[in-house]
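Chain naming follows the written order as A, B, C and D, and within any one chain the residues start at number 1.
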Amino acid sequence: MSTSAQKLSGVVPPLVTPLTPEYDIDTASLARLVEHQLAGGVSGVFVLGTSGEGTFLTDEQRQTVLETVVTEVAGQVPVLAGAIDTSTARAGAHISAALKAGVDAIVATAPFYAATHPLEIERHFTRLASVAGDTPLYAYDIPSRIAGTKLPAELMIKLGSQGILAGVKDSSGQDTSLRRLVLARADADLPGFAIMTGSELTVDCALGFGVDGVVPGLGNVDPAGYVRLFTAATPDLARDEQNRLFRLFEIVEAPDKTRMGPSSAALGAFKAALYVLGVLASPLTAYPSIPLNEHEIAQIAGLLERAGLR
Amino acid sequence: MSTSAQKLSGVVPPLVTPLTPEYDIDTASLARLVEHQLAGGVSGVFVLGTSGEGTFLTDEQRQTVLETVVTEVAGQVPVLAGAIDTSTARAGAHISAALKAGVDAIVATAPFYAATHPLEIERHFTRLASVAGDTPLYAYDIPSRIAGTKLPAELMIKLGSQGILAGVKDSSGQDTSLRRLVLARADADLPGFAIMTGSELTVDCALGFGVDGVVPGLGNVDPAGYVRLFTAATPDLARDEQNRLFRLFEIVEAPDKTRMGPSSAALGAFKAALYVLGVLASPLTAYPSIPLNEHEIAQIAGLLERAGLR
Amino acid sequence: MSTSAQKLSGVVPPLVTPLTPEYDIDTASLARLVEHQLAGGVSGVFVLGTSGEGTFLTDEQRQTVLETVVTEVAGQVPVLAGAIDTSTARAGAHISAALKAGVDAIVATAPFYAATHPLEIERHFTRLASVAGDTPLYAYDIPSRIAGTKLPAELMIKLGSQGILAGVKDSSGQDTSLRRLVLARADADLPGFAIMTGSELTVDCALGFGVDGVVPGLGNVDPAGYVRLFTAATPDLARDEQNRLFRLFEIVEAPDKTRMGPSSAALGAFKAALYVLGVLASPLTAYPSIPLNEHEIAQIAGLLERAGLR
Amino acid sequence: MSTSAQKLSGVVPPLVTPLTPEYDIDTASLARLVEHQLAGGVSGVFVLGTSGEGTFLTDEQRQTVLETVVTEVAGQVPVLAGAIDTSTARAGAHISAALKAGVDAIVATAPFYAATHPLEIERHFTRLASVAGDTPLYAYDIPSRIAGTKLPAELMIKLGSQGILAGVKDSSGQDTSLRRLVLARADADLPGFAIMTGSELTVDCALGFGVDGVVPGLGNVDPAGYVRLFTAATPDLARDEQNRLFRLFEIVEAPDKTRMGPSSAALGAFKAALYVLGVLASPLTAYPSIPLNEHEIAQIAGLLERAGLR
């Protein structure tokens, strides 16, 4: 990790991956999405994360995403790339590919499928950092997706102190443990260690107790809203903006969860909203996810209208 | 799936993947392991499964495993290959690679990392079956590893009736749902649908209520024991053999779980036992798993002696 | 615990508690239920357990149940009483009340609501045994109801060796851990320690590997079936009887689980079946459980007919 | 519920229950604890909750607690009483007893042990409210203790609109769902519905998005700190006070969790701190909880010193 790297902060949406009806990467829509984000004032973009359906894509598709976004962003903000896979070796291969594409930082989870111990997670990130070289590596804490494995705060801070991790993206949904991490960072006198929250519905709180920014899935749809929240002049204004975004998040309730999984529903809602807004040419989610139907998309359109977004 | 395919049954151990100290595939040890299995009288071998640390390996390493085993087995028994990955596209790529290597059947889980709905799982297996073509496809039910996703019995039977699935490997550890599957198979008059249990400690029970065979991790160490259990002349003899194997399974308690994960401990114990028995040249588990120490290996050696295996 | 106590075995159904439309104990129906059980050939009856809705009842209602059953059974088989409550003190009070009513044995869970450590569970049972005096005390292992607390096999055997526990009723649904308990009992040379399974759908298996009997909720409906299963001359006959009962258990699928909890559905189905059979005057479950409707009861009647029970 | 009842807000600590070495209620210590709270400026006290070990106590002990606290408080602030039990009937009996003792409000969970459906939870609270009569009834949301049962926001608001519930105490630890409840209250135009958080480590956040107060277990030890947090003039001051209390909460890490449960550890730490501070005559927790040892108590004393509390 480069010691000269600027600390990550602000709004860094985890970009969805637009798909054509044939399930190929829709690079034109992806370029529009990048433009939509930059116009919204984001501080960075994160590709091939959970929202980016990175674990669904082939290596070739991943490469297309990386190259398209790096080209479109053209250095205006940092591009972070997910390297989320079951093992150190496989995540390491994703890192190498992302570096070749010219990304600015890497985001990796603990290994999964096989359950791991903190000492094994430590070995994992240490090895990945050596693959990443000068490129900053962020740990991605998302226990709900990886059979409950939670990244311990002490380990994060230890790896931060050693220059192995540049920070953490916390999508654990556990604000108490997130706050513990913030306090542990202060105790360790490690101000350059970035702590970003992935909990998009309590961002005002997290900013209040000291996190540096947010990686909001809903930021795909309304980046400007999250930027207003991040830059709000007073806590009351931040709360009001968060409340507005909280209500906008109702779009994820539009899909019928008796016929699709919660991942498909949430991502499908984000993509459908971007489709309604004209950013994406198709609302399709990755195979085998069930697509939203016309009725569900119409409901989302209504919620966007209510939110003043169209 | 070929309709002429012979129904799977008997003892089909999920082979561990021997590694060199440099974390390369140790093909010589792998060949000895195949020989150890065939000498034990197994009905098939399953590579690149959970015990095979398939999710840890690179595509190149996976290929080496497939080719080595297919060559060593030389058609004496079927070779099943795991295609365990986060999405349909990625599992499909593993299937294509396995077919090229000449395996006899494929074993695939539901997608994971992203949570899926049964209708999405149905789409997943349907697509994978079209990739597999004439090669039989088995569903692998292992909710503990994939954030709780359980394969519904009705869906399994439906896909069996449609010729999409040739059977199920059940590692759910839920004998009630396994029995429900067996009864549902009878109701659907689908005798050619193979039901194999991965619960290696209650095999006598499962055989008693109608499963066709077992995929026992411990079978790496003692294939002959599982073959005796499978072919036992009376339920009492089966029970006694299962009880002996139940006690042998204590080897997985030897590793210190305060310093490694449960996966590393169990697989590490199997590999250490094979190392003690002279089958493997090294007990190493895949990176980043913590290796067993001398003390733990010595304990396992003692338990093998108690079991009369050395 | 009396050392002269005869070891528990066989079929010991956990009696449901019949209620009047005013939610009082229906003692006439309860007497008929006892008669139904004795006619079926059971080895004992267990009142105020999970099936008995013991945790729903007031102390006065509990006393009515105890007295009615003790009187009706009249010493023909042992009467076991549940002492299931949140703490040692409260379970102890239930034990005292049950002893006064003349029961033959006590069945108690670990404390719940507050999570406990095995050392605390040990203190709990030790204290309860001193309250129970000469009356045998059985531990009740039912983690699904008490936030996951599982009774460790080693602790059970230790308390058995010390004469504190007379046995265990295992409703964990984990046949591997149940078998571990059976093997640990053999290792400890503790043949008088009774191990009963509450997993009513895999009884043939459990009997095969050495448990002493079963506490089947479904035995309320078909005690004779469970007695045939217990006394079956061959494993094949036991399996066939278990399969028949497995299918009969489908009655619990009749209630609509979108409008009631799983407990209400299962108990409601048992009570509705007994109502259809003329044993109970009303199918009502304890307040605030949602009652089954006519349609659901009719479905259950059909399943009873299919099973040849009416 | 009385419509004239004043809305609950502010700091309402859930009082621990002091015990003598013989496990009787230590009324003198309890009186000192009330005094400690009133001196700290609390807005109310909550007895017989989770921190109060209400589920451990006999009915007689509960009565002693209720009477002692009502007498000591002498109307200076409202006294809330827990009615936490497995069923409607049993919780209803606790309510009747509490009303006789003269408490000002009731706090009740959903039924537990038996899993319940929202429609059954609705029946439960409706019945309890009729028992409570004019006395306000608060729902207590604490899924971790009751096998995961979560009180749905819509149901809470519905019961609030009907005058059945006066508010909710949320100890779910899920700040997103807590915020959803706050927004749903605004949507329903139900400003008199009190929402209190039991998450004592993120109170500044919760106050920021609109909860009315906090029920902090740690408030037993440092009520004045929580009052300062509640009345802080600016969000920054609130955050700093919360951070101080966050660090003070480390006292719950002092007990050795390899020899006691997490409940015993947390409550034991609170009681030990109050013992060190001279408020309680003994740090004993309810039987069968393992008591803290001298070493653990000394550690807690050190942490109190660090926090400037002694």
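Assume a residue touches a chain if its C-beta (ideal position, glycine included) is under 8 Å from a C-beta of that chain, and two chains touch if they have at least 3 such contacts.
Note that this is a predicted model, so its numbers are computed, not measured.
**Student:** Show me the overlap between the contact partners of subunit A and those of subunit B.
**Tutor:** Touching subunit A as well as subunit B, we find no chain at all.
**Student:** Counting only C-alpha atoms to place each centre, which chain is farthest from subunit A?
**Tutor:** Between subunit A and the rest, the longest centre separation is with C.
**Student:** Hey, how far is the Cα centre of subunit B from the one of subunit C, in Å?
**Tutor:** Using C-alpha averages as centres, the distance is 37 Å.
**Student:** Distance-wise, how many Å sit between the C-alpha centres of subunit B and subunit D, to the nearest whole number?
**Tutor:** 50
**Student:** Which positions in subunit B touch two or more other chains at once?
**Tutor:** As it turns out, subunit B has no residue touching two or more other chains.
**Student:** Quick check: in the complex, which residue numbers of subunit B touch subunit C?
**Tutor:** Touching subunit C from subunit B are residues 173-176, 179-180, 183, 199, 201-202, 204-205, 208-209, 235, 239, 242-243, 246-247.
**Student:** With touch defined as at the start, can you tell me which subunit B residues reach subunit A in the complex?
**Tutor:** For subunit B paired with subunit A, touching residues are 50, 53, 55-58, 61, 84-90, 93, 111-117, 119-121, 123-124, 127, 144-148, 257, 259-264, 286-290.
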